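Both of the next two complexes hold chain A, though its partner changes from chain B to chain C.
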Partner chain A sequence: MTRPLVRPARKNPILRTRLPTLPPGLRSRVALGLTAAAARGRFELQVCRDCATVQYPPREACCACLSRRLDWRIVDDGGELVSETTLRHSHELFFRERMPWRLGLVKLDCGPLAVAHLHGDCAPPPSRVRVRLHLDRAGQAALVALPDKDTLHMADDRQLREMTCDPKFRKVLVTDAKTPLGQALVEAVVAAGADLVWAGHAEPWKKPPGFERLASLAEVSLVPLDLTNSRAVTVLAGEIGGRVDILINTADYHRNFGIAARDGVETARAEMDINYFGLLRLAQEFAPAMRARGADGQSSAVAWVNVLSIFALSNFPPHGTYSASKAAALSLAQCLRAELAPSGVRVINVFPGPIDDDWNQTLPPPKIAPARLAADIIAALRSGAEDVYPGDIAQDWLERWRDNPKALERELAALPHQ
Partner chain B sequence: MAMNEPVLSRLVAGLAAGLIRIVDLTQTLSPDFPQIVLPPEMGQAWPFRIEEASRYDARGPGWYWNNFSCSEHTGTHFDAPIHWISGRHLPDNSTDTIPVRKFVAPACVIDCSRDAAADADFLLTVGHVKTWERRHGRVPPGSWVLMRTDWSKRTDPVAYQNIDETGQHTPGPDSEAVRFLVEERQVLGFGSEAIGTDAGQGFHLKPPYPCHYYMHGSGRFGLQCLTNLDLLPPVGAIIIAAPLKIKEGSGSPLRVLALVAEPATKAGARAASKPKSRKRRAPRTKRR
Partner chain C sequence: MSSTRATYDDIVVACPTTVPYVRYSIHGAHWFLAGALAELLHSAGLSKDRLDGLCVSSFTLAPDTAVGLTQHLGLTLRWLDHIPMGGACGIVALRRAARAVQSGDADAVACVAGDTNHTHSFRLNLATFSQFARDAVYPYGSGGANASFAFLTAYYMRTYGVTREDFGKICVAQRANALQFPHALMKKPLTLDAYLNARVIADPLRLFDCVMPCAGADAFLVLRRGAAETLGLPYARILATIERHNAFPDDPIQYRGGWALDRDELYAQAGVGPGDIDVLATYDDYPVISLMQIEDLGFCQKGDGADFIRRASLTADGSFPLNTSGGQLSAGQAGAAGGFLGLVEIVRQVTGRSLGAKVPGARLGLASGFGMINYDRGLCSGAAILAAGS
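Coming up: the complex of A and B.
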């Protein structure tokens, strides 16, 4: 049974903060198919279209019939642990610093034999395991074997925690805690065991219903933060930036206009100012300290979460300028991900469908409830994924977009406008 | 010209001798100063924002400067008649066309600080104005009427905005008082320490926002977010309030200064202990 994590001791200030090291990276393009699946938290392997053989590791041609028609598909994640080994020596700095490290050979029910990182609660071989695809600290897909059934404190496993961004005992900044989503997230992060939650709030003279309740939570500290105000972002980063382990950017400006429905550019500019420039201001001020703390002990800096929108993938004309601002934010988030990659800090992009809030009032259901979206964000932090599409609408649009982006563009254009 | 020179020379000499004091009635333009609140679906006034262009660094090695942005109605600001629909067709109604002589004018300061402390929704009435006039004389035509409420001493932005579920609660004039000042006293404009010249609940008056409606409808002006009104005498101060010359501007942030004649005895005492009195009079800066 995994020993539950204990709150880490305070950092010894005379010791140098360890610099982040990463597991070995750089894979072939075909192997990046595995990364793409892991990024979405899906267990996909290549399946031969001609003989149905499941392939591992990823390859250009079928290992059974040499067909090049290999498709990435979700496959059965069950398997049998055949043997295990404990790594005690490695030339890789990342593993040297984390010895001993358990690995196991798993015979997957779908066919292939694979080496996987072994969760501490996996019974000695032979035993049943479930295999997951997780992104490791280098952002590469890695196979993780978990015990067949969930065990107590299983998320606290030392090796698993190296691949997840669990909020437990971590310090979390929620940039806008005033919105229904912001409030739900603060509560969800507290419930997930965070040590401290900084709840950002702009324009303190506006008090939305429910917000005062947050201040009564012992773990919550209200901090003034308005992403349109560069100086305020700088000041807050100066005060807490060196302690933020997880940053969740919930700040969002959302109006429902296309081009023709609103005169002038003020609304679109306000959307860009929060959704795009706000992210840029945050990234410039908070990312440097997080980059430096990618290996800062048990509760290191681990994740940066951007709440984007499924509209970032393809413009939803009734909310046209908002969609454009989220597309801009998505592009910038990719830049941030590249810049944070060397530190092992994961950028998680969340693409919800329409949230059930004031600005989507006239959209028909299904709409994702703020509490459900908050739960999905916590789940993403605890998993090894970096792209999350919460809600039925998001899943549906994503599949249509992956299948044929032009078709989705036409379908969205044909929807009745408000 | 020859006639003017002695007048201005006396002004300069009076300033140098401390017989004339200059009071800054302006709030500091800062990103933390609150801006007017409108329902979120409406067009919004930008708050003051500032971005560094360079600070003796790679972006400009030898110099420091910023770019800033704000609404015409941010911070201590001037309202021109064109700001309101009632004043939209008047001649010379925007910041670039108002005759500049109107930017220097005397002020009447009506002290409502006690009333405002007791009731955030305090409304200035004709009765209050007439009571003030019995003590200080009739409000002269062409003068500013400044409503002192000490609202500017609320340095916490939450207290300054004073918003609850029913909206904002800040003092201002009632409809009849505005009409009286416009029609019976021919004032130049109305000034307030709160975020608007109208009361926070002014939307519910008849007509909505009467100070904006009547003042601007008659070509008069507004000043809001003033501070240091408690340093002005009830009568006698001269206000210098010149908005930026924005083409078709509806208003502008500006530096508002008041010239105040020192009582002769006080001016003498001031000359004797200059540093101390200067310190006491340093304009309060708000931390928001």
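Coming up: the complex of A and C.
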């Protein structure tokens, strides 16, 4: 059984912080289909459209009938562990620094044979396992074999923790803790076992309901943070930047309307100032220190979460300028992901549908509750995914967008403007 | 049963050649291949202008292939092949070259295999060994072949009751053979105790289960019997050969290889049985694979390998002489030359020209090849039965 993690000792300041190394990240283009599935937390393999044979490793043609029509589909994740080994020697630094490393050979129920990272709680072969797709520290898909049934403290498994961003015993900055989502997240992160939560707040004179109670939690520390103020961001990064393990950017400026219903650019500029430039300011000040701490022991810097919007994928004209600011933020987040990749720090982009808050008051349900969104973000941190679409609306729009982005554009344009 | 295979008539193998192995080298693969070719031509008494066929195997020749080697070494040839089949390349080169000479496409084919070994080349080769390895094996712990063979070894032990002591017997006997082979990299005796207590590499594999990558080259010459006699060369006759690729793809783990499919044809073509073989060279990058070949080549039933080797003595002077030059486990694995080492040793033994331990009265030898862990298993298998020349 996995031994539960213990709170890490205070870092010895005379020891050098180990530089991040990564597992091998080179993949063929066809194998990136696996990464695309892992990014969404799905277990997909290629399935032959003509003979239904499931394929692995990823390939260009069916090994049963030579058809080249292979589709990525969700498949059965059960399997039998056929053999196992524990590596004590590796050719790559990443694993060399993390020996021993347990591997399994799994005969999947859906057909193929898979080499997989093997969770410590899996029984010796022959035994039943479940296989998941996780992004590893290189940001590429990796198969992880888990015990057939959940075990106590299984998230604390040393190898699994190298592929997740679990908040347990980590230090977390929530950039705007005053919004309903911000408050729900601070609470959820504390409940998930975070060591310390820095709760950012921009306007000290505003006291929204519930915030006082939150501020009184032992793990929570209020920090002034106004993302429109470059100087303020710099000052805070100087104070806590070198200790932030997980940064969750909840800061959001949301106003309704598109182009014709409003004069001037001031509202759009304010949206951009928080949603786009705010992210840029944060990234410039906080990313360098996180990049340096990607391998800083059990509680290394590990994730940067952007709360975007499903409107980032395709413009929602009733909230047209807001959609544009979120699309800009998405594009910048991709850049940030690329720049953080060498450190193994994962950028998780969250694309919720309309949140059940004041600025979406006039939108019809379903709307996602802040507490539910917060729970989904914690789940994403504990999983191996990097793109998260919480709530029914987000899932519905995503499906439409993946199926036919032009059709979704027309569908959104046809909605009544309000 | 496929159509009847033509015999090899009077096609023979001569001039077994080894460029001494070294752990690391600053030279390129061309340096080792050229050395093997020069040594082979010297021992054959041939000038390089007389050579009209060449067959090359190497992992570290890139960006060149055999074609580039012709210009690099100033060879004008009418027959050329490049065989990227790792541990099966010796057997496959022999098969290709023999048919080329038999058909008259070439008079003499030099088969050479070799690699250099820079301090980083083994890791780089592993990282990009194949598309499947790069996508679905190397990112998992980056243990290379050790991890793949650890799976097979663990399975074999669990399923067939093979013990570490059984594998140790193979390794210890091969080390004893290697101590007499001048080119073997391993120069110190190995005890069973040292084998059993060596450091763990990938459970259940320990240090002496794993070959040492090194640089070096091996070669042999395929020609007509008449030509060999004119040149005054000792030679071995080719009685039978087989090769197979991606055998038993539906086995959930590799516990048998292509030999199990083809051995009946092998022995039928040679007109001999396993009991007639005087000396065996298995491909031995890990002892489990030697055991698998002993079973699949019919020396005993599947699953009886451990019992078989418990009853046998495996040194050159023993009841079942195995890898008499020390095999890769004790001589070293010089890249693709590992696919030649056993075949070259069999030619030496049946022609009575062993450089080290001699198998008394050896007239019939079997060399076996196994190669290319493309994903989870070795895909290529092959074997050849060679007989003393006269």
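Heads up, the rule we're going with is that the second predicted complex is superposed on the first by the 418 of 418 C-alpha atoms of A that agree within 3 Å, B and C clash if a C-alpha of one lies under 4 Å from a C-alpha of the other, contacts with A are read in each partner's own complex, and residues count from 1 in each chain.
As a working rule, a residue touches a chain if its C-beta (ideal position, glycine included) is under 8 Å from a C-beta of that chain, and two chains touch if they have at least 3 such contacts.
The structure presented is a predicted model; accordingly, all values stated were derived computationally and were not measured.
Asks: Look at A:Pro204 in the shared chain and tell me whether it touches chain B only, chain C only, both, or neither; answer first, second, both or neither.
Replies: Touch partner of A:Pro204: chain B, not chain C.
Asks: On the A-aligned overlay, A:Arg255 touches which partner chain: chain B = first, chain C = second, or both, or neither?
Replies: Only chain B is touched by A:Arg255; chain C is not.
Asks: Once the structures are superposed on A, label A:Glu212 by its partner contacts, choosing first (chain B), second (chain C), both or neither.
Replies: A:Glu212 sits against neither chain B nor chain C.
Asks: Is A:Asp150 touching anything from chain B or chain C once the two structures are fitted on A? First, second, both or neither.
Replies: neither
Asks: Which partner does A:Arg231 contact after superposing on A: first (chain B), second (chain C), both, neither?
Replies: Once the two structures are laid over each other on A, A:Arg231 reaches chain B alone.
Asks: First (chain B), second (chain C), both or neither: which does A:Pro125 touch?
Replies: After superposition on chain A, A:Pro125 lies in contact with chain C alone.
Asks: A:Ala270 in the overlay: touching chain B, chain C, both, or neither? Say first, second, both or neither.
Replies: So A:Ala270 only meets chain B here.
Asks: Touch test for A:Glu239: chain B only (first), chain C only (second), both, or neither?
Replies: In the superposition, A:Glu239 contacts neither chain B nor chain C.
Asks: Looking at A:Glu399, would you say it contacts chain B, chain C, both, or neither? Reply first, second, both or neither.
Replies: Neither partner.
Asks: For chain A, which residues lie in the overlap of the chain B contacts and the chain C contacts?
Replies: Shared contact residues on chain A: none.
Asks: Show which residues of chain A lie in contact with chain C when the two form their complex.
Replies: Going by the criterion above, the answer is residues 23-28, 31, 34, 56-58, 63, 82-92, 94-95, 101, 103, 105, 107, 113-117, 125, 136, 138, 140, 142-143.
Asks: Across the complex, what residues on chain A touch chain B?
Replies: Touch list, chain A to chain B: 203-207, 226, 228-232, 255, 264, 266-267, 270.
Asks: Spell out the part of chain C that touches chain A in their complex, as residue ranges.
Replies: Its residues touching chain A are 122-123, 126-128, 131-132, 134-144, 146-147, 150-152, 154-155, 158, 199-205, 249, 252-253, 375-376.
Asks: Per the contact definition, I'd like the list of chain B residues that touch chain A in the complex.
Replies: 31-32, 34, 37, 41, 43-44, 47, 49-52, 157-158, 160-163
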